[in-house]
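Quick one: structure below, then a few questions.
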Amino acid sequence: MNVTVEIEHRATDPQRHDWVCRSCHTHSDLAAMRELLYVCPQCGYHARIGARERIRQLTDPGSFTELWSGVKTLDPLGFVDLQTYPERVLEAQGKTGLAEAIVTGTATIADTACVLAVMDFGFMGGSMGSVVGEKLWRSAELAAGEHLPLVAVCSSGGARMQEGILSLMQMAKTSCAVDLITDAGVQFIALLVDPCTGGVVASFATLADICIAEPGAQLYFSGPRVIQQTTREALPAGFGSAERNLELGHLDAVVPRADLRDKLGAYLRLLKGGEGPERGETRGPAGRGTGRLAEAALDRAQAVAAYARRALVRGDRESPDEAQDAPA
Amino acid sequence: MHLSEEIERVQTKLKTLRHEAHRHDTWVTVEIARHKERPRTRDYIAHLIDGFEELKGDRLRADDPAIVGGLGWFRGRAVLVVGHQKGRTLDEQTLHNFGMARPEGYRKAQRLFALAERHRLPVLTFVDTPGAYPGVAAEEGGQARAIADTMLRMARLSVPVVATIIGEGGSGGALALAVADRVLMQENATYSVISPEGCAAILWRDADYAAQAAESLRPTASQLYDLGVIETVVREPRGGAQKDPEAAAEAVGAAITDALDELQQLDPEVRRRQRRERFRRLGAWADPEEGLPGAPFSPSRM
Amino acid sequence: MNVTVEIEHRATDPQRHDWVCRSCHTHSDLAAMRELLYVCPQCGYHARIGARERIRQLTDPGSFTELWSGVKTLDPLGFVDLQTYPERVLEAQGKTGLAEAIVTGTATIADTACVLAVMDFGFMGGSMGSVVGEKLWRSAELAAGEHLPLVAVCSSGGARMQEGILSLMQMAKTSCAVDLITDAGVQFIALLVDPCTGGVVASFATLADICIAEPGAQLYFSGPRVIQQTTREALPAGFGSAERNLELGHLDAVVPRADLRDKLGAYLRLLKGGEGPERGETRGPAGRGTGRLAEAALDRAQAVAAYARRALVRGDRESPDEAQDAPA
Amino acid sequence: MHLSEEIERVQTKLKTLRHEAHRHDTWVTVEIARHKERPRTRDYIAHLIDGFEELKGDRLRADDPAIVGGLGWFRGRAVLVVGHQKGRTLDEQTLHNFGMARPEGYRKAQRLFALAERHRLPVLTFVDTPGAYPGVAAEEGGQARAIADTMLRMARLSVPVVATIIGEGGSGGALALAVADRVLMQENATYSVISPEGCAAILWRDADYAAQAAESLRPTASQLYDLGVIETVVREPRGGAQKDPEAAAEAVGAAITDALDELQQLDPEVRRRQRRERFRRLGAWADPEEGLPGAPFSPSRM
């Protein structure tokens, strides 16, 4: 299940050079795979990748500034199953090198400044607990307050059961975060990657203006196993796949990994290109390589990150409106 | 030394006993919450709502019998009521799909919420479901987004919204009707991210650990009150609401009245913002950079 | 097809006393049938009735004041098929005693003042031409301007083909009339009676806050014949019936004729009973027989009608807001 | 007397001949409007929209291939485009259901309109359909309300809306995408309440009278312009748009530019109100009580 982790592990281990496709079992050179964004050159299989690798692939080089990395997981229920919750978290941190199942910050994507939130399936199955909810909230709040688009890369096995009801509440919390976004009229794009299920797909991930997925991604609320155990129904071919979801009207597009950065850039430019007073600085489909605009976007992304770092986001910034006197 | 060892031994034993007692309590609550004779949404409507006019349909493709909705008078106030409906007999249960809504049910709720918003009617919801229906058609019919969209639309309502958990508050299916200004919960209802059986099957790899999982999940009203997830624990008749449905309904009615009285004093925009803030606060985390504890409740830390 | 017309015809012919049910062929006394609202006492069949009879059944006695009865049909295309359009209109007028396929005015229903628009299937199959659209628009505009609810009784075979494209435009015009209603926040209830099809069911009739139908009413956009000719599909049992439409989520309720007045009254009181400054004069489910409220409602309905008669609705009253200084 | 009789005879003959010629013209237009090689919505998108990003799905249950929609740049303006899509080959025609949308198609249009509204993007629609799909699933899936709701939502948009009729503008299925601020229509397109064949079958009880019905329905651009139903007749290359699709697209593009330039100068609320008034004016009736002719055009009276 954790290709993500394997890739990250191998990438740090100079001894191992080969990558084996989960789908067609072809061996490939690991360094080449990095160039290929971990898409199998034989069969097109899109391997699961971690949040750091995703950020490398999507954002303009050097443009990402991480925010809120210090937000810490707690154990509100003192939850114990076969392991304690703290033990499970520590293990996940060790395995992924991440503090939690989401990485957030600002960046430019194809020269458009945005707030970026990227989930990592390798961290306890990308489960959504309080920290994921809180960092998603802060991302939405920052985007709304600063009139920046929000881009969320969603991958999750569902709720973080070890936080019990509080993990369920993150569905409501992140949906309310989308309410902030809606009120502010900023752009929100969700990229759903394999697998995106449970509470995440039933909250903020499917509430975006534009909702796209990678080829072959599994997307569902209740999974095949639960359905078969509960209802004993036969599953149709391709059940839950991105492609089937597209046919069923739940996605705007299925986009190969290699096209993602350009596609996101195109969406962002189009959505902010509409009628209106403060619009219009980027007219037309071309968006890359226009040096001055690119620099301005990067400056903006970094200034917003610096501002967010300084501000005590919680408490200080109740409403997005109050954030208007932030540096622009 | 002997004495202190003895004390320690007794204390440990006491702790274990308390633990056992508590576990027992949790499971008893789970069983009462699922009791066949427990009053359902329609029972509360019958007791609390005068002149109820049921309104059906999602205006798209179906009327989901797992969700009941309509207009009526709650103690002199015109309100919109939406709730999960479970059956009691096997036929009823089948008709209502055991209270498990399909996407059509959430969309029916959405379009009724829109009606309430347009005509400034307070919204009362009753939550009583094992969860969303895990079926192929429900999945392919957009269950995930239907739930998400229902939550977002509830968040955006400018009218007062009061949710009451009257039985099983199962996962996303329950939450979809509970993005409210005030969440009330009956003493013997449960509200949980996953069923105890489901949790046990995943984390213990054995559904027989359901009682243990139930305890870990802390799904009872008093536990949820301590966690800040609900505002009010509504007392039930001794032994559970099924022992005296009328008394149970009276208590629910009184709690709803209190909530509405409070909420109707607020400016709609303020009320909406406070609802959003209510859910923003739910969660447990710490942020050392801010030098603040993460949440108003953090019984244990990492 | 024209039970309506038959009933009306027989009612004026003292020689004929019996009524024959279209469904179970039972003979009944015509005078008794009037008491029974033309619902067969044997099988419950709801016979088609004309606009006047409908108004008698739905409104409080003596409360209906007709408006805009002088709006006249024109022949914008000079349309000729086997007959000229004017010939067809004259024939329909003679048959029904109505000027057009809709009757509009103000009334009280179960002691609640409202604007009422009632279509008549007997007039050229209740087809929607320019006059129907215009009178519906005026009804909506008056309701919006005077903050009165609109109740529409819809029955139609579809567009008035003899007015060509202008009849199609009435779908857009009446949908825009609902936009007026929506902006003003007034209540709109549609009652769909047999048959309600084509352009009417695909415009204002299905845009109401609450949408109900009589038992057995046929409701569809494309009818069984068109479907079978075009796609050769088998029709499911009950296709197009009110009962099936209820199951399919398209109706709020199916209400027997005898309950309609009370039901409409209950809806109207509930929808205006919500939170808000100028609400609340009618609290609670009971609404009939409260003498003072009933009188006030009737006064209001009649004052609005008198006002509407005086005003040149067209031109003078561009926006509903300007109508606020009308007598209330 | 002889002379005047002769004159009358000749005049009658002339009238008949003109009548015949006119009838012929109408049917020719119907045939060009339906021509297999006539450019479709996707052809206009290819010619007029830079960087088109197609967006699929109704977010409920399906993506209807009879409706194509997406974002793109129209001469430097970011716009939302929605149109009926017919195919050309039999396979394509089947895929796109001959341009006949199902409820899912109208709902896809609705949710894209909402996207445009949220981000203040002008809406361009392209109309080319024989009509709504007369199938059981479409009917039972709520076709009637889907069409009505699409019209109402278009009426409520605060962004500019320009509709262009590029082929067959068939009945409610066409109108559902044409509640616009400006309706443009190509010279050889048709727009009608019913197909000539359908009209003939009902009123003449014989579909063979289609040409005659077509004439009576007055479905051509110049006739509709005279009736005030459209704002602009867009010229086509001689023989029809299929003879030179690029030139046809250029003409459409120029007309859309003009319309957008005008519309973008208006305040959104004023624009919305004017759109509503536009449709309010359409119709022919008289009101003697008001002492006013009923409509700006009333070629004949009763």
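Letters are used for the chains, namely A, B, C and D, taken in the order the chains are written, and counting of residues starts over at 1 for each.
Here is the rule we use: contacts are C-beta pairs under 8 Å (C-beta built on N, C-alpha and C of every residue); 3 or more make two chains touch, one makes a residue touch a chain.
Here the structure is a predicted model, which means the values were calculated and not measured.
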Mutual neighbours - chains that touch chain B and chain C alike: D
Chain A-chain B separation of Cα centroids, rounded to whole Å: 29
Where chain A and chain C are represented by their mean Cα positions, the distance between them in whole Å: 52
Inter-centroid spacing, chain D versus chain B (mean Cα positions, whole Å): 50
Residue list for chain A, restricted to those that touch at least two other chains: 182, 206, 248-250
Numbers and ranges of chain B residues touching at least 2 other chains: 59-61, 140-142, 145
Overall pattern in which the protein chains touch one another (line/ring/star/complete/other): other
Chain pairs in mutual contact under the definition given at the outset: A-B, A-D, B-C, B-D, C-D
Contacting residues of chain B [partner chain D, same complex]: 59-61, 103, 107, 140-142, 145
Touching residues on chain B, where the partner in the complex is chain A: 132, 134-136, 138-145, 147-149, 151-152, 155-156, 171-172, 175, 178-179, 191-194, 198-199, 202-205, 213, 216-219, 224, 227, 229, 273, 275-277, 279-280, 282-290, 292, 294-295, 297-302
Touch list for chain C against partner chain D, complex: 68, 70-82, 86, 89, 129-131, 133-134, 137, 159, 161, 163-173, 175-180, 182, 198-199, 201-207, 219-222, 226-227, 230-231, 233-236, 239-240, 244, 248-250, 312-315, 318-319
Contact footprint of chain C on chain B as seen in their complex: 50-51, 53-63, 71-73, 76-78, 104, 108, 115-116, 118-122, 159-160, 264
Partner chain D, residues of chain A touching it in the complex: 182, 185, 187, 206, 209-210, 246-253, 263, 266-267, 269-276, 279, 283-285
